[in-house]
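Below you'll find a set of structures to go through.
Each of the next two complexes has chain A plus one more chain, namely chain B in the first and chain C in the second.
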Partner chain A sequence: MSFLIEPVDRLIREFSKLPGIGPKSAQRLTYYLLKEPDEEASALAEAIQNLKKDIRLCSICFNITDRDPCSICQSKERDHSTICVVEKPSDIAPLERTGKYKGLYHVLHGTINPAQGTTTENLKIKELLSRCQNGSVKEVIIATNPNMEGETTSLYLQRILTPLDITITHLARGLPFGSELEYADDMTLNQAIEGRQKFKQ
Partner chain B sequence: MSRPRNYQTQAIVIKQIKIGEFDKLLTLYTAEFGKLKAIAKGACRPRSKLGGNVEPLTYSSMSIARGRNLDIITQGQIIDGFPELKAELWNISCSFYIQELVDLFTMENSANPTLFELLLETLHQLPKATNKETVLRYFELHILNCSGYRPQLQKCVRCTAPLKSTTNFFSPREGGILCPLCAEKEYGAYPISATALKTMRLWETCDCDTARRVKLRPALASELAQILQNYIKYLLQKESKSISWLEELKRSSFDNPPRTH
Partner chain C sequence: MSFLIEPVDRLIREFSKLPGIGPKSAQRLTYYLLKEPDEEASALAEAIQNLKKDIRLCSICFNITDRDPCSICQSKERDHSTICVVEKPSDIAPLERTGKYKGLYHVLHGTINPAQGTTTENLKIKELLSRCQNGSVKEVIIATNPNMEGETTSLYLQRILTPLDITITHLARGLPFGSELEYADDMTLNQAIEGRQKFKQ
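And now, the complex of A and B:
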C-alpha cells in the first residue's frame, strides 16, 4: 500500500520509467517540483508535451526535426555532395560542434546486431542507398561507432555502396585526447600507428 | 569451480549489453569457469582503460573482482583482438553466429575447457578458411559433442544395427541416425545421404584445420547445414537470430558474394 497521495505517487512512477532514474531520484525530482513555483512545473509539462507533438523525422536524412526537411538538409550553404552516416540522432551534435564538417547527414537509427535481431530491414539503409543513387553524392563518410556492431554496419555499407562509384571513407581511428598510451588497447594502438600523420607545417 | 574474491582469467567476450550511460554487462567465456557475466564499469567512456580490451570478439586477460550479484572487471589486456576476423563482413557475421551458439549452449559457472579450445580454434581458423561454411558446420558438430548432444553416427540409434552405405535418416528427437527400417515409424526424421554421413564421421574425429580443407559440393553443403541446424533448432527450441542474418547476407545480390561452397 502506498502512503503517498495519488498525484505525487503517479509522478514518481513516471519519473522512474526514465533511463538512469531510480525510485529515490524520482522521489527527489518530484519533491523538487512540488517546491518550485507553478510556472516552472507548467513549463516542464509543456516542454514534454511539445516534444512528441512537434518533433518528427526528416524525410531526407531521418534526423529528428521540427520541420521537414530539417534545417541541415534545407541549407544552401552546406555541401550537398557529402553525406555523413551516423547511428543515432544524438551523434550529429558532437560532429556539428567541431565546426569542421559542412556536409549533410544520414541517420540509420541503429546498427546491424544479428544477436539482437537488428538487421538491415530495421535500419534506414535502403533510404541511404536511394539518396546515393541520384548522382549528386560524391562522398559518403561512415561514422558508426568503432565497436563490433558499428564495424559490421560499416562493412555492410561499404559493400552496398562500392558499386555506385562514390568515395567511401570512415572516421579516423586512434587515441582519444587526454588518454594514456600505457592503457590503450592493442587494436586502437595498431590503428593509431597505421594512421599516423606528418606534422602540419 | 568456485571463484576466489579476486581472480585473473583469460576470457573471450561473447556478448555485451550496454547498461546506463557508460557501463557494459559482458558475457565472457573462460576455460576455468565456463560462462561468466561481469560488469565493465565505465567501458563506454572514450578514455576508459578497459575500452577496447573488453569488446566482443576479443580474447583478453582480465582481473575480476567477485561481486555480490555480478562480478566486476577491474583490468583487461588483449591477448588476441582477431583483427582479420573483424575486417571482413562475412567473417564478422559468422563469428556473431558462433558467439550466439556458445551463449545458448552453455550455463553460467560450468567449466568446459574443450568448448573453450574449440571456440578459440574456430575464431583462429575462420579468417584462414576459403569455405567459411565448412568451419561453421565443424563448429556446430563439435559444440554438440562438447555439450553432451553428440549425434549417434555409427549405428542405428534405435535398433543399434550397423548402418549400411545407403540413404539413412537423421532424427533430431532421437539424436542420431536411424536405419531406413526404424525411420518408417519415426515422425520428423529426414534423409541423410551416405556422403553426408561419411563427412560428419570424418569431422567428428579430425581437427578444424583438416576439416576446413574438405571440399564440399553445394548440394552436400546445404544437406549438412540443414541436418545440423535442424538438430540445433530442435535442442534449443528456437531459431538462432544470427543464422537469419547469414542467410540474408547470402541472399543479397552483391557483386562479390561470400564463398559458401
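And now, the complex of A and C:
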C-alpha cells in the first residue's frame, strides 16, 4: 500500500505470511509493535532469530529438541513401555497439558497422503517399528488426527504393528466436552454410540 | 511448559503477548516457523527489528512516517483544503483503501478519556486548531470512532472548530453494507432513520 512507509508495509507483509493472520490482523500487530517500547519488539525479533539455533530432532522419538535424546526420552520418571504416536511435534503440547500421559512419544512428521506425495517412506514409520521390536514396548497409542489422512495412517500402523506382541490402542472417540448432542455430526454420534461406556461404580 | 525446549517456549511466550494471539495461536505460529525455511523466520525478525528505525511522526499531520513531512502532506495531488481527523495512525489505512478520499489527515493519537488520564492536552488538538487557522482549510471531517470516547472527542472538536469559518462534517452513520435490518441495534437504526437519504436520480 503506497501510503504506508516501507518498514510498516514490510512487517505487515511478513506477518500476513503467517498462518491464520490476514491483512487486518497483520496491520493490527504492526501498529501494536509501533506503539510498544522498543524492548518488546526486540524480544520478539530475537526469539524468532534464536528459534532454530541448536535445534534438532530427537534421534529416538523425532520430537523437536535442543539435546539428543530429548528430555522426555531421557526421563526416568516416564513410562518407557508406552509410546504415543503423533503426527507432528505440536501435537505433544496438548497431550502433555493434560498431565494424564506419562509414556513416551513418537513423531511421524506427517500422515500418509499419496496425493501430496507423502508415502510411508517419508514418515518416521521404520523408526517406530524398530523401537517397537526391542522388546521393552508394551503399548502403542496411535494418536493420529480423526480425519481421512489420520485414519489411513492409523490403519497402516495397526497392520504393521499387529504381528508384534504389543497392545495397540487409539484415543477414545465420542462427543467432545461442552458439545451439544443436537449439533453433533453423524460420524461423531456414530462413534459415541459404538464406543458407549459403562458408568463408573 | 517444562516439556518444551527453551527457544520454542520463549517464542510462544513472545507471540502470546501480541493482541488477539492466545497461547494456542502462539504455539501454531511457532511450530509453523520451525517448519519453514530459515529465510522466512529471518525476514520476519528483521522486519520487526527495522520497524522503528528512522520512524517518526509527521510534524504536520502526526501520522507515522519515515520523512517529514509525510508523503501525504507533501503530495501535490491531494486536496490540501480538507483534513480528515482520525484517532490513530492505523485508522488511515482503511480510509486510503477506499480510494475515495483525496484530502489530508490529522492524527489525534487517542481520544478524550479522563478515566484513563487522556485529556485534550495529551492529544494533537492544539496542532489541529493551528492547521485550521491558517486560512487554507475549508473542511474538517471528524472521523473518530462511533463509540463513547470517539463521540466525546468529536463534540469537543466541533465546539472548538465552530468559531472558525470551516465546514465541519462527520462520516455517515447508518446500516453497514451486508448487514440485516432484523439484527441491527437500536442506535444504528436510529441513526439510519435520522440520516435517511434521497435516492440518486
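By definition in this document, the second predicted complex is superposed on the first by the 195 of 201 C-alpha atoms of A that agree within 3 Å, B and C clash if a C-alpha of one lies under 4 Å from a C-alpha of the other, contacts with A are read in each partner's own complex, and residues count from 1 in each chain.
The rule is short, and it goes like this: contacts are C-beta pairs under 8 Å (C-beta built on N, C-alpha and C of every residue); 3 or more make two chains touch, one makes a residue touch a chain.
Being a predicted model, the structure only gives us computed values, none of them experimental.
Student: Which partner does A:Thr188 contact after superposing on A: first (chain B), second (chain C), both, neither?
Tutor: The answer is first: A:Thr188 touches chain B but not chain C.
Student: Looking at the overlay, what does A:Leu11 touch: chain B (first), chain C (second), both, or neither?
Tutor: The second partner, chain C, only.
Student: Look at A:Lys102 in the shared chain and tell me whether it touches chain B only, chain C only, both, or neither; answer first, second, both or neither.
Tutor: neither
Student: Contacts for A:Pro176 in the overlay, against chain B (first) and chain C (second): which applies, first, second, both or neither?
Tutor: So A:Pro176 only meets chain B here.
Student: Kindly classify A:Lys126 by the partners it touches after superposition: chain B alone (first), chain C alone (second), both, or neither?
Tutor: A:Lys126 contacts neither chain B nor chain C.
Student: According to the stated criteria, A:Gln116 is in contact with first (chain B), second (chain C), both, or neither; which is it?
Tutor: first
Student: Just chain B (first), just chain C (second), both, or neither: which does A:Pro19 touch?
Tutor: Touch status of A:Pro19: both partners.
Student: Take the contacts of chain A with chain B and those with chain C, and give the residues found in both.
Tutor: 19-20.
Student: How about chain C: which of its residues touch chain A in the complex?
Tutor: Checking each residue of chain C against chain A gives 1, 3-8, 10-11, 13-15, 17-21, 25, 27-34, 38, 40-55, 64-66, 70-72, 88-90, 92-93, 96-97.
Student: Name, in rising order, each residue of chain A that touches chain B in their complex.
Tutor: Residues 19-20, 112, 114-117, 119-120, 147-148, 151-152, 155-156, 159-160, 162-163, 176, 178-180, 183-188, 190 of chain A touch chain B in their complex.
Student: In the complex formed with chain A, which residues of chain B make contact?
Tutor: 15, 20-21, 46-47, 49, 51-53, 55-58, 76, 78, 81, 83, 86-89, 92-93, 96-97, 99-100, 241-242, 244-246, 248, 252, 254-255
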